Amino acid sequence: MPSLISPAERDYILKGIECNIRADGRQRPDYREVTLETGVVSQTSGSARVRIAGGTDVLVSVKAEIGPVLVDPETGDGADKGQIICSVECAPSASQQFEGRGADELNNELTQMMSRFLSHSGPAASSFLSTTSSSSSSSTAASTTAKTTSGAGGINLSKLCIIPGQQCWILYVDALVLDYGGNLMDAIFMGTRAAIYDTRIPKTEVQDLGDGQFEFEVLDDAEDTEEVAGREDMPLCVTLNKIGARHIVDASPLEELCTEAKLVVAVNRSGELCGLQKGHEGGIEPSLLLEMIQSGKTMGQSLIKQLDASIKKEAESDLAKRQRGEPVHKLGFFAQ
Amino acid sequence: MDRKRVAGPELSVAPLIEYPVDHKRWTPQQEKRHDSKRQPEDMRPIYLKTGLIGQASGSAYIELEKTKLACGVYGPKPVKRIGQTFSGRGLLTCEIKFATFSCAKRRNQMRDPQEKELSQILTQALSPAIRLDLLPKSAIEVYITVLESDGLGSCFSAAITAASVALAHAGIEMLDLVAGCSASYIQTGPARSISSGAESIPPQIFMDADLEEEKYEQGSIVLAYMPSLNEVTHVLQSGKAEGSIISQSVEHCVEACNKIYAVMHHALLESVKENQTQL
Amino acid sequence: MSRVELLTPEGLRIDGRRPAELRKITSTTSVLSQADGSAYLEHGNTKVLAAVYGPREARRRAQVLHDRAILNVEFNVAPFSTGERRRRTKNDKRLLEMASFVKQTFEPVVITSLYARSQIDIYLQIIQHDGGTLQACINAATMALIDAGIAMTEYVCACTAGWVESEAAIDLNHIEESSDTSEVTIAMLPKSGKITLMQMESRLHVDKLEEVFTLAGEGCKQIHEVIDKTIRERAEDLAKKMQ
Amino acid sequence: MTSVADAVVPGQRLGHVQEYIAGAGTYALQDFLYASVVGLKQISRTSDNELPTMTVQRENSQSAIPEIEAIVTCKVVRVNPRFASVNIMVVDGKPCKDDFQGIIRVQDVRATEKDKVKIYNSFRPGDIVRAQVISLGDARSYYLSTAANELGVIFGTSVAGGSLVPISWQEMQCTKTKVIELRKCAKPMQ
């Protein structure tokens, strides 16, 4: 990913966007071609891989594991809720910038943004619910995981609870950026939504041992699994980059270098805004800000429809293949 | 008998935190706030003073009733890390640190990921306002220590305001001051459930929510705004909310920032008057 | 855990392979847009992605050698790659050790004297772990270096072999690896037969070593053919595109 | 004493671009003049036909950073045949909080016979030198020059420890032992 841009190149991009033509021929509100595939990593409860034509390549995996319930000592809520713990990691192979510790800051920013949009416990979370670095991380390499309990991000967390107050399902959402081609956040969110759609959680049977003690047993036959409840109204995010007086969508690395201000708008199926975050070091007029929020919302909703359609299509074609007994061959890295 | 180690008692019980008897948990009602003196749309009174830290080039201290934080600005100074390539623009680095005693739960000494991210956001919120192009090859460092936090959103917006006043006090050339303000949406009436379509009150916007109100919030927004240039330098919204509420809260925050601008203006004039009397 | 029967009386292993049979290898090159050279390799369920940057300016001026390039290898394991999720930090001792193995393997093979005062970076990303990660990484690194057009005296092919119950077996998967069988990883230059790396962390009787060793050697040759075929195909189709 | 009334704050609108010219401490943006520092507003009328310039006299001065053509006072830290590296302590009379790194290349020591300059006969570690910034240089240090007459060593300590007094543009005498040492001296300012 280039880190410097010459003034001539910047001016070329700026003028292009003014008259609504971008370097690769797209208009301002056009997305690049996105390829998506679910179930690429077999040892996970659900996984998906998103590739944007410009080179961005993200692998998202969801693993459901059983863990203790996180209870808020004061209000006591959270006892009947599962958890989502998300973390983003940029592989050093993704770009020259991520050598050594270069990727730490970006990892942290993406992780925090992801956990804020997937739940409402963002910066306004009261202190005890704030993000805590997981215990295993050594102090220097701050491992960037963010605990979230309340599921304003759409996922119904109380369904994830096994024994209220004791055990629950913890969904570890890990995004791995394999290649950097601009517009990471959108790719990560598309991958997360597809991976959560692909996730199958084994059913659990809870036996009451009579003296208030409960015991549960996980049925591990592959067919008898449930899907994640409330997965349809998970948010999807659209990154709008303000260049000059206009704003564009799905910016390539070069366009990202000429961006004065970027606005990440997370919106869910019913049009509610689940998150808003500005980036880069420029200002936006309030009027333009509201206009960008509006266009981000509409674009996000149409993106969700197209994404759901392609996920359903792929699920149906997999099902048809399984019925015909053919092995479901995942293209993975061999898709050209 | 093991004389070296003093064994603790076999049975130990967690300390009971006795809440005062009349401690009635605040539940959100229409038009009524945690501290009843305030209306939903007005802010907590702000006490702002410059010149707190002698060593720093510029400093400021801000207090919003229970939220207290101090800010020190050092610079412009040569860029320490030689690894940096030659940069024609100044480098702004901000660092927010919650004191270990500042929140209900003790925060550890090391900076946790949330503080790292808040520092990144603060850098993005302040840099549009500073004339970094006049300071080639040099760096400005902003350090904020939160002494007491009463609501993370209000704490962060106070940090933006205090940092921008400290920068002005340090004599660094700026395009404009940056005022920060936060708001939360709290569902006071019965929630509008889409299925039953029962008519109800949409979530209400509480400006500058404190810790107690934040526990019931459905979403929150933090806005950093340059009042005289009419430009938003940062917006951070989380939690679910209708588009209409978002635009309504953006307008509310912009008005609140203009009010805060007056307080910042007064604080800086105060420091000018002080210097006059000393000369 | 109950004694898992690694070798059935008819001589078949858990995943149905014969002892001297490799897992299915599928591979492709130039998968990443930013890297100078990249390759993706699958040994059965073990999936590895390798990226090569370089030769480029060294990050730390102090390490620069005036007469040749320095090799820098970085290992990165995806948190979801193993059975239960585990986040490994950057300086996890096991990963650093594996990285130094790969570095020692390629130092004599890459003609570093051609690229004086520069640095060649090899980044290995393990996407799924089902035994034999070191061998998959070395093979993937070879393909990535070739894809990056870096001069090498020969291919480097690696293969694991071990003693499973009563027979020497090749290309052990995770279950065989973790059930205290002895296991040797060999990196070999197929044409000249030279060995650049031999790594073993368990006990093996001396006279069994000879048999395991020759079996691993054949494994390397077979792997060499598969990799060579992929690289020639990619080269031809690149040449076709250029016409 | 100017009244506090016209003390201004960054971002405060001062006037129309057509009425004033933006002086120090102010900037012009879309036909308005804004203050960029905290300080007192002053309108100075240069010559009658032009517009008056608006400046803001800043309250506490921002610690200085070296600019091109600035006269700096610095201390020699290291000397090698190609350049002398110095710590810049004062810029245009204003002290800077932390010392900036600077170097005086051998070809910038003096204006005449540039190629015959012996650096050890011009500067010694510990000398205080007045120089001029000629370029922002590279990431590490600024490039300085002592070519002009009034630039060069203004204070030095001799081998014997006494302070040195300039007796010609390239000789300085130790006050204690009267030994003459070679330096590129600055012409004493009248």
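Chains: A, B, C and D, in written order; residue numbering restarts at 1 for each.
Throughout what follows, contacts are C-beta pairs under 8 Å (C-beta built on N, C-alpha and C of every residue); 3 or more make two chains touch, one makes a residue touch a chain.
Chain labels with UniProt names: A = Ribosomal RNA-processing protein 42; B = Exoribonuclease phosphorolytic domain-containing protein; C = Ribosomal RNA-processing protein 41; D = Exosome complex component CSL4.
It should be emphasised that the depicted structure is a prediction, and the values quoted were computed from it without experimental measurement.
Any chain bridging chain A and chain D, meaning touching each of them, is among B; the list is complete. In this view the innermost chain, defined by its CA centroid being closest to the centroid of all protein CA atoms, is A.
Centroid to centroid, with C-alpha atoms defining each point, chain B and chain D lie 39 Å apart.
The geometric centre of chain B is 51 Å away from that of chain C, both derived from CA atoms.
If you average the CA atoms of chain C and of chain D, the two centres end up 60 Å from each other. Averaged C-alpha coordinates give centres for chain A and chain C that are 32 Å from one another.
Within chain A, residues 145 each touch two or more of the remaining chains. For chain D, residues touching at least two other chains: there are none. Shared interface positions of chain B, i.e. residues touching 2 or more other chains, are given as 129, 226, 229.
Counting only pairs that meet the touch rule, the chains in contact are A-B, A-C, B-D. Across the complex, chain C meets chain A through its residues 26, 28, 31-35, 38, 40, 42, 45, 47, 49-51, 53, 56, 59, 74, 76, 78-87, 89-91, 121, 123, 125, 127-128.
Against chain B, the residues of chain D that register as touching in their complex are 1, 4, 7, 9-13, 25, 27, 29, 34, 36-40, 58-63, 65, 96-101, 136, 138-140, 142.
Across the complex, chain C is touched by residues 1, 41-44, 47, 54-55, 57, 59, 61, 63, 65, 87, 89, 91-96, 99-101, 134, 136-138, 141, 143, 145, 172, 174, 176, 178-181, 332-334 of chain A.
The residues of chain B lying in touch with chain A in their complex are 98, 102-105, 107, 110-114, 116-118, 120, 123-124, 127-129, 149, 151-153, 156, 182, 184, 194, 209, 211, 214-215, 217-222, 225-226, 229-243, 246-247, 250-251, 254.
For chain A in complex with chain B, the touching residues are 74-75, 105, 108-109, 111-112, 116-117, 120-128, 130-133, 139, 142, 144-146, 152, 263, 268, 270-286, 289-290, 293-294, 297.
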